Structure formats: C-alpha cells, structure tokens
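Chains here go by letter, A, B, C and D, matching the order in which they are written, and residues are numbered from 1 within each.
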Amino acid sequence: MVLAREEFMKLLCDAIRGLAASSILAGLATFGVVGLAQASDNKIALIPGGPHPYFAPWEQAAADAKKDFGIAAVDFKVPQEWKLNLQTELVESLAAQGYTAFGIFPGDAVGINSTMTELKDSSIPSAALAGCAQDPTDAAFCLGTDVYNSAYLGTKELIKAMGGKGAIVHLAGLLVDPNTTLRVKAVETAVGETNGEVTLLQTVADTDAQEAADQKINALLAAQKDEIGGMIATGYIPSVVASKSLRTLGDKRIKFIGIDDDPIVLEAIKDGFVAGTMAQNPYGQGYIGAYVLDLLAGGGCTIKEDATWIETPQTKRFIDSGTLVINADNLTTYKDDLKKVTTDIQSSFKDKYLTCK
Amino acid sequence: MQLSIEGVSKAFPGVQALDKVSFELRPGEIQALMGENGAGKSTLIKIITGLYRPDDGRVMIDGQEMSFQSPRDAIAAGIGAVHQERNLIPRFSVGENILLERLPTRNGLLDKDAIHNEARRYLDLLDRGIDTHTEVRSLSVAQMQIVEIAKALSLETKCLLMDEPTASITEHETEALFTLLKRLRDEGASIVFVSHKLEEVFAIADRVTVLRDGKNAALGEPMSTMTRQNLISLMVGREEHIVNKPQRSVDTGVVLEARGLQTSFGHRDISFSLKRGEILGLYGLVGAGRSELARAIVGAAPITGGEVLVNGKTADIRNVHQALNQFRIGYISEDRKNEGLILTHTIRENIAVTIWRRLAGALGLIRPSAELDAVMPYVERLEIRTPSVEQKVGNLSGGNQQKVSVAKWLAANVEILIIDEPTVGIDIKTKAYLHELIHEIAAGGTSVLLISSDMPEMVALADRILVMHDMRLVGEVANDRRYETVSNAIMNRIHAVEEERSTATAG
Amino acid sequence: MADVPVNFFHRQSHMTDETISTERSRRGFFAGASAQIGLFAIVALLWVIFSTLAPGFTSPINLFGIGRSLAVDIVIGFSQMVVLATGGMNLAVGSIGVCAVMLTGFLLQDAGMPIPVALAGGLLLGGALGWLNGFAIVKTGVNAFIITLASASLFLGAMLILSKAVPYNTLPPEVGQFGRMRIWGYVSPLLFIAIAIGAALYVLYRHTLLGRQILAAGANPRAAEMSGVPVGRVIIISHTLSGLLAATAGIMLVARLGAAMPSVGGEDWLLPSFLGPVLGGTLLAGGSVAVIGTMIGAALVTTIRSGLLVLQVGNFWLQLFLGLILLAAVMADRYRGVFLERRSLGRK
Amino acid sequence: MNSLLRRFLMVEWSGILAAIILGSALLAWLSPAFLTEFNIYVMLRSFCVALLVGFAQMVTLAVGQMNISVGALGGLVAVLAGGMMEKLGVPMILAIPAAIAIGALCGLLNGVLTERTGINGFIITLATASAFTGINLGITQSIPFYNMPPGLVAFGSDRFFAFPYLMIAPIIATILLGLFLSRTVPGRHLLAVGGNPHAAELSGISRGRITILAHTLSGTLAACAAILAVAQLGSAQPTIGSDWLLLSFAAPIIGGAALTGGHVSVLGTTLAVILIALIENGMVLAKVDPYWVQFVLGALILAAVWLNRWRAVKTGTD
C-alpha cells in the first residue's frame, strides 16, 4: 500500500519533471527573443526549521521562482518536527538525492553551521533565509529579518505608541535559541536609549508553546496590567496569544507590538487592540533565495565579498528582506509594500552582491 | 456437577506437563488430587479453570464437552477455585476482593453496603475477625488465604477446586474450613482438594486421584482403601517418610550470640547462642516474630537495642551484603518468590548471585565457565530437575525453586545459615531430601538456625529448640527426638505464657 | 507497593529476550539471539526495499548521514538503557547531556583547555550529575521518575543561569573536523565510538560482577538485597553510568555540530532515549538489557526515517508513514516470535 | 483534633495539599496581584486543559499501561474539530461530539492494537503517536484553523467573576472519573486489572476488554482536553498537544499514582496539576528572572515531593 504510493509519487514526479522540461522548451521557443533568464537544471530545496505557518508562503514562492526563472526544480521541504537533527537529516538526504542548492531557515543559528560547511565541502551552495546563521558560517549570505534590528525597531515603535514613557514587558521565545538572546539585548538597548523614561518591567521567556504562552501571558496581565504600559512580543506564538488576551481583556490602554502577520494579530490591529506588528517578508525570502541560489549553483556567479553587506551581530553578510511595521494605516496595503521590496531586492541583487561571468 | 477430564495433555517448552491425564469428579464428593511438586496438579487445575487450553483431550461437564477460552468461561460454567498463587488485588478492600467480578450495584453505582454485607456472609463461615473494609495489602498471609477461600465460596458454584487452601492458615481455621467443605459436599457440591498434608487428605477426602510425572498414578480410588504408605508410594514411586536424624550433642564454641536484642517489630530481650555445627531450632506459631528476628540479625531490618556477637565480637550488621561478605551469615527466606529468588533470571544466575564477588577476577570480570563450574555441583547435589541451568527459575516447580534458593546459600559457603521454613509447600520426597541436606551441612561444621512451624520437622532435625511467642523467647527445649514429649514441652511453654498473660490482664 | 506484581511490562518478554539474563547455552545461540535476529532481519529487509526504490539511499553521503545520526541515537539509547536495567528511568538524560555539552564548550573556548581535558571535564560532569540523581533516589526512596523529572529541570536551569544560553561556536577546528570526518568515504568515526561503547556495555552486563548485580537488582530488588547484593550502591552506579553516557552523547553532538549549544538535548532526547532500548527488547520493568537490541532498535527508526526522506514522501505526511511502518515492523517481529514459538512446541 | 490531623496526614496527597497552601500563602504575601479576581481566573483557566491531560494518562496508568500518544491524539482531534467547523461548516454542536468520538476511536485503536498484538503499549502508542501527528500535519500543512465559532471562543475566555466557564468541563470530568473509578464496576475492574492482572483474570474479569476500555477512555479524555485547548486559544492549532507528554505523566505520578498500575488518585492528580499551575503562575508573579525559571521549577517540584515523602515516612504510610 505504502510502496504503491511511493511508486505512484515517483511516476508523478517524473511526469511533472517531463512536463516542466517541455514547457520550458516551449517557453524558450516563444519568448526566446525576449531573453528570459536561462533555464537551469538546478534542483533547489527551501527548508524551514520545522512545520510552522510562517513558512507557508514559501511553497508559492518556490513555485513562482521555478516558473519565473526557469529552474528545473524548486521544492519546499519541511522537517517533520522543529528539531535540529531532523532538519540536518533532511538536508543530508536531499543532498544525497542530487539537490544542488539549499535555502535554509536556521532553526538553530549555530547548529546548522556544520551542515552548511559540509555542503560547501561538496560544492553545494547554501543560504540562510528568513533568519541568519551565526558567524563564522559557510552560508553564502543571509537574506532575512535582522532579528536584532526587528526587535529594536519594534521596541522603538512601541515606545512611540506609548508616548515615550511607561513600563514595558518583553515576551520572548525559547531561551535556548540564540536569536532570543539577541532579541532580549535589542529590547534592552532600545529601552536603555530612553534614559529611564521607559523601563523594562519584566522579560517572560519560553513562550513558544501555545499553552505555556497562554498561561504566562495571562498570569502576567493578571499580576501587573495596571503597571504595564506596553508589551512587545518577539515570537510568533506569544504575538498571537497576547493579541487574543488583550482582546479578551478589552483593554486598549496597553500598547502592544507583535511580530508576523497572523490573521489573529491583523484582526486585533484592525479593531484597535494591537498597535502594530513587525512584518517580515517570507514570500520574498523564498522567492529571492531561490533566484540567487540558482545563480550560485550554476557556477556562473559567486558572492561578491566586498559588496555593501549589512553587518549584524549575527553575521557579516546580511541582506534585509524588508522589515516594516504593520499598523492600522497600512493594514490593507502592506502586502503590496512587501511585494515592491521583493522586486527591488531581486532586480538589483545580481549587480549588488554577485560577481557573474 | 459431574466433571470429567479425558486424556488431557499439555506441553510447555521443554516439558510435557500432562500426558493423557484423566480425572473424574462426581456430585457430592470431596476428591483429593495428589502428587509431588511438578507432577502436574497445578497444570490440571489451570486447565479446568480455563487458564490454559489443553493440547489434547476433553473436558466435560455433565456429559457436555467444554472449551474454556478464559477463567471467565469456567466461572460461568460453575467452577470456582482457590489457586495456589495469591490472587487478590492488594489495594482493594476485602469485600471488593471477594465479590470482584460481580460487584453489586445500585443505579449503576457500586452498592458499598451490599458489598460488605454480602462479603461478610461468606467470610463469617470461616473467620469473624477480618473486617471487610480493610485493604487486603494490610492483612497477614493467613488472613489473605481466608479471603481467597471466602472468595471462591462466594461464587456458590457446584464445583470447587482448592489448591493447597490450608498452606498458610492455622489449625483452628483449617477445622472450620473442613466442617464447611463437608457441609457443602452433603448439599451436593463437588470439591477437589489439593494438599501435601496427608493428615488433611485422610481427614476430609472421599476419593483420591494421584498424578506422577504428568501421568495418572491412581484414578479416583476410594480413600478407605488407602493407607499412608501406599499413598506415598503412589506419589513418589517408592516408599519414603520423614526419618528422625540421630541425636547429637554439640559441644563446640559459640559462633553467633544475641544479647538482649530489641527490634522495631517489637522483639524484647532476645538472648540466645548458636554453636559451631549446631542445628538450633526456633519454633513458634505464625506471627510469633521468628522471620522478623532472622531479618534483623542479617541486617535487613533495624536492631534498636542489644547486640549481636559473631565469633565473640560485636557485629554491627547493616545489610545482607555485609552479613554475607563480612560475617559469613546467610538467610534462606521463607518468601522465595519475593525475597528468595529472581524468577526472571536463570538457575545459574540465581545460585551464583551470592558468589559473584568471589568469582570475579581482574576488572570485576566473571568467566561464565567459572560460574558454571561453581554452580553445577550444587545443581547435581540437590538434584534440581531441569533441562538446563539456563532455565528461568520462574518456570520451575515449587520444590525445585526451593532447592535453588537453598543451593545459592550452600554455594555461598557461609558459617552461619538461617533457614526459614524450608519445606512449606514442598512434596514429601524433596522434603526428606532437604532434611538430609540440612543435617549434612551441620555435620560439616556450618551452624544452622532453623525456623519452622512444622513440629515433626523440628523434632527430626534440631539439636535444641528455642520457643518463641509474641516477639519473645519463652523457653528452650532439649530435643530427644521423641515427638510426643518434645511437642508437649513446647506447647506447654506457649500455653503457660498465654495463661500468665490472661491472668495478668484479668488481674 | 512491593507486593504488587509488576507483570504488565513482562508481556512482551517473548519477543525481547536478547542476550543477557536469558537461556542460551543449551538451546543454542540462534534460539537465544533469535529476538535480535528477527529485528535485524526487518531492518535488513527495509534496507533492501529502500535501496531498490531509491538509489540515493545507499549513496556515500546518505550512508554517512545515517551512520552519524545513528551513532548519537544509540548512545542516547544506552544512557536510558542502563537505568532501565535497574527498573528505574532517567528523564534527565537530555539535561545532563546539555550540561556536559556546555561545560565542554566553556572549557574549550573560554578556558582554552586542551581537547582531552575538556572532554574529561564534560564526561566528569555528566557522571557527577548522574550520581546526584542516583544518590537522591536511593536516599529519599522517591521513585526515579519524579526525582529525574525535577532534576531535569534543575540541571537545565543551572546550565541556563551559568551560561546565559550563549552558545560556544568558535571551538578548535579539530572538533568539527572530527565530526565531519569520513572513514572509507562513508563511515563516521562517531559510529565506531557508539559500537565500542556497546561492546563495553555488553561485556559489563554479561561478564562482570557489577553487571550481574545491576540485573539482579533490577529484576527483583528485594531478592537481590536478601542475597547480599548492595542494591542501593548498584542503583547509584547505574545512574552515574547513565549520566556518563548522556554526556558522551552530548559531546558526540558537539563534534558533529562543531559547536556547543544550549539547545541540544533537553526534552528532545526523551523519546529517542526510550525508543531504542524498548524496541530492542529492554524491559521497562527492569532486570534485562538488550545492548545489541538497543543498537538495532535505533537503527530501525533511523532507517525508516532516512528511507522515507529519500523516497520523498509528501512533505507533511512523512510522520504518518513513519508511524505506520514502525507499527508494521514491530508487529511483524511479534508474529514471527509467536510463529517460532508455536513451531518449536509443535516439534516436541 | 490531633487524631484528625493525623488522619489527614495519612492521606497520600496531603503533602501536596500542604505545599499548595504554603505556596499560596507565600505568594499572597509576596504579590498583591495573586489573590485578585483576574489572577485567580487566569490560574483556574490554565489548569483546565492540564487536568484533562493528566487524567488521560492517569486512566492508562491505572490499568498498568501507558499512552505515549496523548498529545498527538489531542492535536489530531483539535485540528479535526477546527477543520470540520471552518472548512466543512459543520455546526459546533455536531463537530465537537464528532471530534471527541474520533478521539475515543483513536484510543480504541491503541487499545485494540495493544491487546491483540500483545506488544507493549509503550511501543504501540509511540507508533500511533507518530501516525496521528502525521495526519494532523498532512491535513493542516502546519497552518492553524482560525475561524472558530464565536460561541466556542467565548466559552474559552468568558468568566463568571473568577470562575472561567471553561472549568465546567474538568469539574464534570473529575466528578465522573472519581465516581467511575471508585463506584462503578468497570472502574473497579480497571483498577483490579492494574493492581494484579493475573488475579483479575482468574476472577473472571476480561483483561483484554478492560485494557481496551482504559485506552478508549484515555483517548476520550485527551480529545476533551484538545477541544478545551481550541476554545482557550480561539483557534485550532496543529501544535496543540505537542508538549503534553511529560505533564501527562508528571501530574498523576506526583499525585501518587504507581507507574506499575493499579493505583491512581483523582484528587491527587488534581492537586498535582494545581501545584504545577501555581508554581508557573507564581514565577511570573514573582518576576523570576527567565534564566532562573527552569531551575526554580525543578527545585519547587523536588521540595513538594520531598515534603510529601517526609510526611509518608513520618506517618508510616510509606
């Protein structure tokens, strides 16, 4: 039964590959004059840290990139669980199957490095997408949200929404995740810059699981909702849970900045319970990532070492995939803004960051 | 109920437990089922009660062939049983245990009053002293046995199988049970009675079936035609009985001495001495505190006062490890399933457990061949019947298990051996053999403290007999191997103490 | 408590009896080892199937990957197995592992110690934390589940407090090179470490005083105590060994990842630590271990997972097939055992 | 009076209760927010799901089994309920019972597989856990169902003073389960099989059927917990249940259950869940440094268990 299914899927894959090849040929015939990007026979895998709604747009991004850039295959491959060893096993297995480039979200910014080194040793380029791998790293570049900057800007935004003074609380993710440490620092820095006008009341960590987040955030509100002037969440789950708790509480006095565009958060922004959220650009990360990896894997291009990389606490080769604040004003238009950012980065990437033959 | 078993066979890996065995039970009779340990009695009972399915042969009730898939079916067909193993739920109350599979309910919920009233009815037939609300795990072994019997009775089945029901209960309770069984028989019930105690079989059974090596040695012979001797020879295949060992006087140095011992069990002022090569009997009724004293001596229970001297030096024994390795004292527990043996381990490992330290060479390595060499002499000497020493002890019959638990302490080669009820639930042949052995090791210079409630055994073996009653030593009796005088002397001591106490409380 | 028969765990006893504490000599090697052979046959069958269906399965890079993750899983399995042998369990394997990882990282990176010293430090810490578990269990008499549940939290917490969760990612390059090293092109040296530990444990349980005492204490603590086995000491030693093995697994991961991170270990190790031993035939009730079985059990899971990855089963459905194949494998093994048992009876 | 105290101390969970009282007093003194209506509501609400999860494991422990799949099963039920309501438009009144029935069915499957194959329940439920998670992820592709009926969401967040409506379910479950285990025939048989399987079988109790019953009940309870989690979170998240496993064992065992079966305590489990909720709430209230949270959690669990142990040794109810 199972095997029959595998057989079937293999056939299906072959069929799709055949179709793709013929359509590319047809495409070349038709648009040859226009000069569409050369069709490549690269197989690119986009790999998130684990199953997570944030990465859902990658699937579409992969399909679009494959079509737009004429790549043999761009596949979205998800590790079974949010565990480093499952992610690395997936990468190794795909490498064994002949994938030629990898766009990886480093679920663990440090832990992924040895796998990237191994990929490089086998001349397979890899890039960190959505989040960065910690230097020293063999990732070709990092295209994503600068977690430090995002948290810093978010805190700034929050302070602005609070009118420049008050006490805030930071809802952080897994404490053992190196990114969490950066975010904690970023929030502390932003608070520090107010010269005491704003104080950091408390940092609540390990809010990455639904129920833990629910329990901790509600307990926090119960304990000090009168003292709290604002809250910032730097994780997907606490952002969702806090939006919901504030709605339940019906308290619009407490200002809240979340992260990512989960429907619950957007809804809460619309109804005024949430001041804003730090948007990221998952689609753009996947789309541009696939585009660049294709260029690198083909051997035609190499990374330009002296390009105008942004330097972050995590890595020296960072490209911001676009960080913007979604608030009531741009709630309906932010997607277009992000699209524009995506197009801008993609069209200038080759010249800015690559050396091509 | 007419129960007939025709040509039933049952094999286990390595053993043919039953080989074309027949058995026939009529309404209104008590039939004894006899045989040595391992003869196949328990297997037969498990087939009748639906726990095992026979490989071959038929089980018929009132002329109809039955095929029990589980004990449930057997109970439904009207067969109740008291099994040899303890079959109670430790954390449940006595009442619930008795009525376990058909707890009375009212409106879908358990009717606690009904449970206890109902259970009370059956319990009262045997013993009024047990409260039906008590949790079973806090009962004594004897009380648990009573509960088991009450549980079987409560099924009110027409057929009752009793596998060693009297093994751990007092004489008084046994009498009550017998009266009851006879009454049930007269009311038309069919009863199978399994026991190693010949006296009991003669006292209660109408007919007897004997098994030997998984085959019928006798089938439904009337008891009236039987004598003790021919019943024994049917079981063991030759004549055998308990022989008193020659009287000895041991006049050597003291190896173990207790001075004014007190324990947390309530022992007070226990003083005695054990000489080299002596067999010192410790007699007492169930609950007198003998096993507890033994446990305290070997360090398995705390001593709260007084002192123990080994070879004249004060010995502070904190655990069995120390007792064995430092003071060379061993204790053969009466509770072989829980304390004596590791049932899931092999014979080899069970015997060698006490000598691993000695066998271990450099880096603590044990060579299996050395282990085997150390173990085999005891397996052979004790005639432990097994296809291989790699057999798990849990698969052996009770008698062979007991031999293993003795063997491991023989292997340990200790100077002082405390032997606790060595022959309970053991067939006559093995019992005689163990007696021979105990005598032999004492003659070889090992000092033995023998705990037993089996008076003939005590008289046959001990050089001196200490009498224990209610956590105190109440006297010492010299053993001249004359059963009447010795047993009278012992019982007199116990009665005297009882009387003293009742006058004291009356006064 | 002690009078409660602990037999529910024993239900699987026929399918499991591996090596140690079971019949062997008279019934011959194959009868004794048949349980592992069955599981081994299933693993082998899966290898045949996967390599036929997906040629990438036996490519050097994939074999190397399988071997390397298997090595760590095996040692994690061992760290649980040694306490299962005493009838206890250790929920703190992951926490001990990560503590050892972070100490090793600290010694290498911040303290600048030479590699052998740092490794010894990590292992020593693992052993010490294990000893602490064992000591608490024996002295308080509270069951191992609760003690190690609490200590898992304590150890992890202490690590966080001391390290502030900052990873050590500039270790000497030799560490990472060792983790990436390939012998004959497709074998990781880590696999040899795991096998060497397996061999040592096999000897421990089969041929040493301590091993025998551990198994006796696990099978029936009261009987063992009454036979002169120092049960308390044996339990403490087993927990120390468990801590040592957890630390070993952690340090193997340091080599594999080239960094010491606070995110390895923890709760993530919990299920894998039970999976190998239990699939391989170690009884949860204690008194038996299956060293080779643990290795094969871990191999079974790694094989299925890797095979499904190579076969490119749909993104999110992989977990389902993993469960189904695992179920099929254990059932096949079980029925093979039942079948053999029937046949051996039939011959008599 | 003294004997009353002694009798109280004889009860096995009295140590845990004492720890709760002690802890509450301490928190009330430390943080004025502790006894506010809203905080009590928050604590009660956080305890609902955890309690049902603890019960789901408790019934399998009672019969001497384990259910590794509680969380996976819960996650599957949550997304199935969510999917039915959002994608298929099934009304809440039908979708919830149907989802719970599916949970019961999954439990039944666990039970039947364990019983028929004779394979250790640990392995079986480990494998089914993987299968359940696989179906969950396959259906959702890890994207939650967001649009839950307002009635359900309101049920999950509304309150009557400090009393969350959500708590109605665990209260009913506690009472029913307490009655079931102490006062009904199948309940007693369940404990009998766990306490001494051999004896139970010899008494004519069908061990197989009782084992299957326990697993089915476990599945049902896990499913109820999942529905409560959906109501509480306001969306059907595929990650529901992913962190239930350890909690599911910790609650009954801290509450006095024997891992070997045959002995569980509904009240003990409840108190253990309260204790855990209290510790977690207290750590937020007391503003414990995040780096210290894990450490303090472990230390407090250890302290509570040690207190109970000390009590047991002192009263001889070891």
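Throughout what follows, contacts are C-beta pairs under 8 Å (C-beta built on N, C-alpha and C of every residue); 3 or more make two chains touch, one makes a residue touch a chain.
Nothing here was measured: the structure is a model prediction, and the numbers come from that model.
**Q** Any idea whether B-C or B-D has more C-beta pairs in contact?
**A** B-C
**Q** Could you work out which chain's C-alpha centre is the most distant one from the centre of chain D?
**A** Chain centre farthest from chain D's centre: B.
**Q** With chain centres defined as C-alpha means, what is the inter-centre distance between chain A and chain B in Å?
**A** Centres of chain A and chain B (C-alpha means) sit 72 Å apart.
**Q** What is the distance, in whole Å, between the centres of chain B and chain C, each centre taken as the mean of its C-alpha atoms?
**A** 42
**Q** Distance from the CA centroid of chain B to that of chain D, rounded to the nearest Å?
**A** From the centre of chain B to the centre of chain D is 44 Å.
**Q** In angstrom, rounded to a whole number, how far apart do the mean CA points of chain A and chain D lie?
**A** 35
**Q** On chain D, where are the residues touching two or more other chains?
**A** 137, 141-142, 195-196, 198, 262-263, 291, 293
**Q** Can you tell me which residues of chain C touch two or more of the remaining chains?
**A** 4, 160, 164-165, 314-316, 318-319, 321-322, 324 - these are the residues of chain C that touch more than one other chain.
**Q** On chain B, where are the residues touching two or more other chains?
**A** Residues 90-91 of chain B each touch two or more of the other chains.
**Q** Which chains are in touch, pair by pair?
**A** Here the touching chain pairs work out to A-C, A-D, B-C, B-D, C-D.
**Q** Tell me, which parts of chain A touch chain D in their complex?
**A** 51-53, 55-56, 78, 80, 172, 175, 201-206, 209-212, 214-216, 218-225, 240-241, 244, 248, 263-264
**Q** Please name which positions on chain C make contact with chain A in the complex.
**A** Contacts found on chain C: 49, 53-54, 56-57, 59, 61-62, 64-65, 69, 72, 160, 164-167, 169-170, 176, 179-180, 256-259, 261-264, 266, 268, 305-306, 309-316, 318-319, 321-322, 324-325.
**Q** Please give the residue numbers of chain B that touch chain C in the complex, ascending.
**A** Result: residues 11, 13, 16, 90-91, 137, 298, 300, 319-321, 323-325, 331, 333, 338-346, 349, 352-354, 356-357, 359-360, 363-368, 387-388, 390-392, 408, 412 of chain B touch chain C.
**Q** In their shared complex, at which residues does chain D touch chain C?
**A** Per the touch definition, chain D meets chain C at residues 64-65, 68, 113, 117-120, 122-124, 126-135, 137-138, 140-142, 194-198, 245-246, 249-250, 253-254, 258-263, 291-299, 301-302, 305-306, 309, 313, 318.
**Q** Hey, which residues of chain A end up touching chain C in the complex?
**A** Answer in residue numbers: 2-3, 5-7, 9-10, 13, 51, 76-78, 80-81, 83-86, 88-90, 92-98, 108, 110-111, 113-114, 117-118, 121-122, 134, 136, 174-178, 180-181.
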